[in-house]
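Next come two complexes, and both contain chain A; in the first it sits with chain B, in the second with chain C.
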Partner chain A sequence: MTGRSIHVAVSLLALAGLALACARIVAGHVEPVALGELAAGYMRLSPEELTVPNVVTGILLAYRSFDTLGEVAVLFMVAASLGPLLQPMDGAPAPRPVRPMPPASEIVESGHHLLMPFIATFGAYVILNGHLSAGGGFQGGAIVASGVGLFMIVRVGTPVDTRALSVGESMAGVLFVAIGALGLVLGGGFLDPRILPGGELGRFVSGGTIPIVSALLGIKVAAELSVVLQRFRS
Partner chain B sequence: MIQILASLLILLGSFFVFSAGLGLLRMPDPLTRIQAGTKATTLGALLVLTGLSILHPERLLLYLLIVAFVFISNPISSHALARAAARRAARDDAASGDASDPA
Partner chain C sequence: MIGLPVSTLLIATGCGLIVLGFAAVLLHRNILRMIVGFSLVDTGVAIVLVASGYVKDGTAPILDADVTPDAVFVDPVNSALAVTAIVIGFSVTAMALAYAVRLYRLHGTLDVGAFTEGRG
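Now for the complex of A and B:
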């Protein structure tokens, strides 16, 4: 038996085992006809208590906002630890001298002029409408950071000031935690959005502090992802 | 009848997008991967959005905007990638001693 046929046999065996395991799960699956108790509770409470029609945002920024803070902290640690990780180690051979990058072509330059306003506007829209429709700080921040990536491709030599980005990112983080602490003092717990009036369901200004927190989250995520991009670039 | 047509268009479009993903994984060199990843997704997005605009004619303007965005951004990104790949190939040729003109 050659090595290749052993590989094929082992792969087939593994596939058969996977199929068996999945078949049991599929056979035992019953399509749920109604929402579970917890999901039904969120579906009812998010529009009622928080005046947030987008239940996902209601969960992310009110009921489970502490988890969201943890996720942003993880992203921050990734951005912060990339700097030391990407440094050449002591005693490592010196990296090959990098030839200066040629400037971006005219097509990319014109496309950048055409697309940049749309990307920035769409990012801001997604960040600010997180409480009304699909979106929120994380997604919108990623869109803004992709615009920053386009900027880095077009302006080859222009460095991005990671220090300023870090300051903005930290300010957003401090304000985020401050609003959370205010909720602890004035409302029902950490990041309780009901310390501001809820307003009317479905209006832009509604949902208490959720739009503000979402905007801070967007700034934070956009700055962090831009720092990550800049670290890989330099 | 018209709904079946629209669904077939969407199915065809998703097939093209799927083949783009397959091409990104299976094609041998950067230039063919660019070809798979951008051309096929442009056609796939166009077909999916055509099908959707038959199903929801009231959102035609929105779909037209999305198609315009894809038609602008996809060729630009493929151009940038292809230019970088061509430069890299020229540089590697120069490094290995072949006579070549830098792109």
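Now for the complex of A and C:
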């Protein structure tokens, strides 16, 4: 096994180099005392221009919303490509018969009944209040999808309808891009949230299109993550 | 208390996770362990991103009744980037796991050595 030992030696060498680079970064790190110019600009402009008190959401859904669209596109491609990837292959030996999953225990079942409304409500809350407090479409969507994951554990045999989820997800995606295009026509650029009135800082209805875009993003992310979970289950 | 600032300690932790993750990727032969390694790298990168945006005595970049605009905030750009990194990390893990399932169905094993044999 000389090939193996050469492999280990080269790997260890590469790891040592990486560790050295990391050590230099850590040693050279000085905690800044003030924000950089870009970040300070965002901090000033997000409440003024967008009437969005949560600056992270302002950056994600307005200043760098094109990035967010690309991110959602990546998620969509993953959810779509998992289907063909996990299909049984022709010519390959049939997958070994998996023994049937036992039904969920009583604790899981009762926990599911107890927690499900809270998970769904909290997910919706995080999605809809993304412009006011910590949260947003991605985070809330992940919470809702975790509820779907719990459902899958409890209802072992029940499949989740991936086609309906895909339809809802595509509708949300089309509306997202449509709002973005409206921003191009009516506002200052793609996904400009200021095509609706900004409202008052800190109110629920404020920030132009940001709450709408955030809700669409939440639906899209929740549906995509649920599709991913279902693909791995079946 | 040792005199190091919190963000430096966090960056050290994140870097440690990155090195650990790459070690798992390079040294293990089981694909599932390699995927766990990639997950560790993702987590480490997210920690380093958030920690490098910390400003001394900063608060979260969210304005409300108790926080005035002239308070000291942490860098919001890094938090936004971390969200992106987490989502992409999730996608990478999902794809890698799907390929692992496919390889297992084809070869009946998860050992990377089994996939390279016979290539000469």
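The criterion applied here is as follows: the second predicted complex is superposed on the first by the 204 of 234 C-alpha atoms of A that agree within 3 Å, B and C clash if a C-alpha of one lies under 4 Å from a C-alpha of the other, contacts with A are read in each partner's own complex, and residues count from 1 in each chain.
Heads up, the rule we're going with is that a contact is a pair of C-beta atoms (placed from the backbone, for glycine too) under 8 Å apart; a residue touches a chain by one contact, two chains touch by 3 or more.
Just so it is clear, the model here is predicted, and its values are computed rather than measured.
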item: Combined model on chain A: chain C and chain B, fit or clash; value: fit
item: Which superposed partner A:Arg44 touches (first chain B, second chain C, both, neither); value: second
item: Touched partner set for A:Val185, first chain B, second chain C, both or neither; value: neither
item: Contacts of A:Ser105 with chain B and chain C, given as first, second, both or neither; value: first
item: Superposition-derived angle with apex at the Cα centre of chain A and sides reaching chain B and chain C, degrees in steps of 10; value: 60
item: Partner chain in contact with A:Val205 - chain B first, chain C second, else both or neither; value: neither
item: Larger contact residue set on chain A - chain B or chain C; value: C
item: First, second, both or neither for A:Ile59, with chain B first and chain C second; value: second
item: Minimum C-alpha spacing, chains overlaid - chain B and chain C, in Å; value: 11
item: Common ground on chain A, meaning residues reached by chain C in one complex and by chain B in the other; value: none
item: Touching residues (chain side chain B, partner chain A) in the complex; value: 69, 72-73, 76, 79-80, 83, 87, 91
item: Complex interface listing, chain A residues touching chain B; value: 99, 102, 104-105, 107-108, 111, 114-115, 118, 153
item: Interface residues, chain C side, partner chain A - complex; value: 5-8, 11-12, 15-16, 18-19, 22-23, 26-27, 52-56, 60-65, 69, 72-73, 75-77, 79-80, 83-84, 86-88, 90-91, 94-95, 97-99, 101-102, 105-106, 108
item: Parts of chain A lying in touch with chain C, wherever the complex brings them together; value: 8, 11, 14-15, 18-19, 22-23, 25-26, 29, 31-36, 38-39, 42-44, 46-47, 53-56, 58-60, 64, 67-68, 71, 74-75, 77-78, 81-82, 85-86, 88-89, 92-93, 95, 132-134, 136, 138-139, 201-202, 228, 231-232
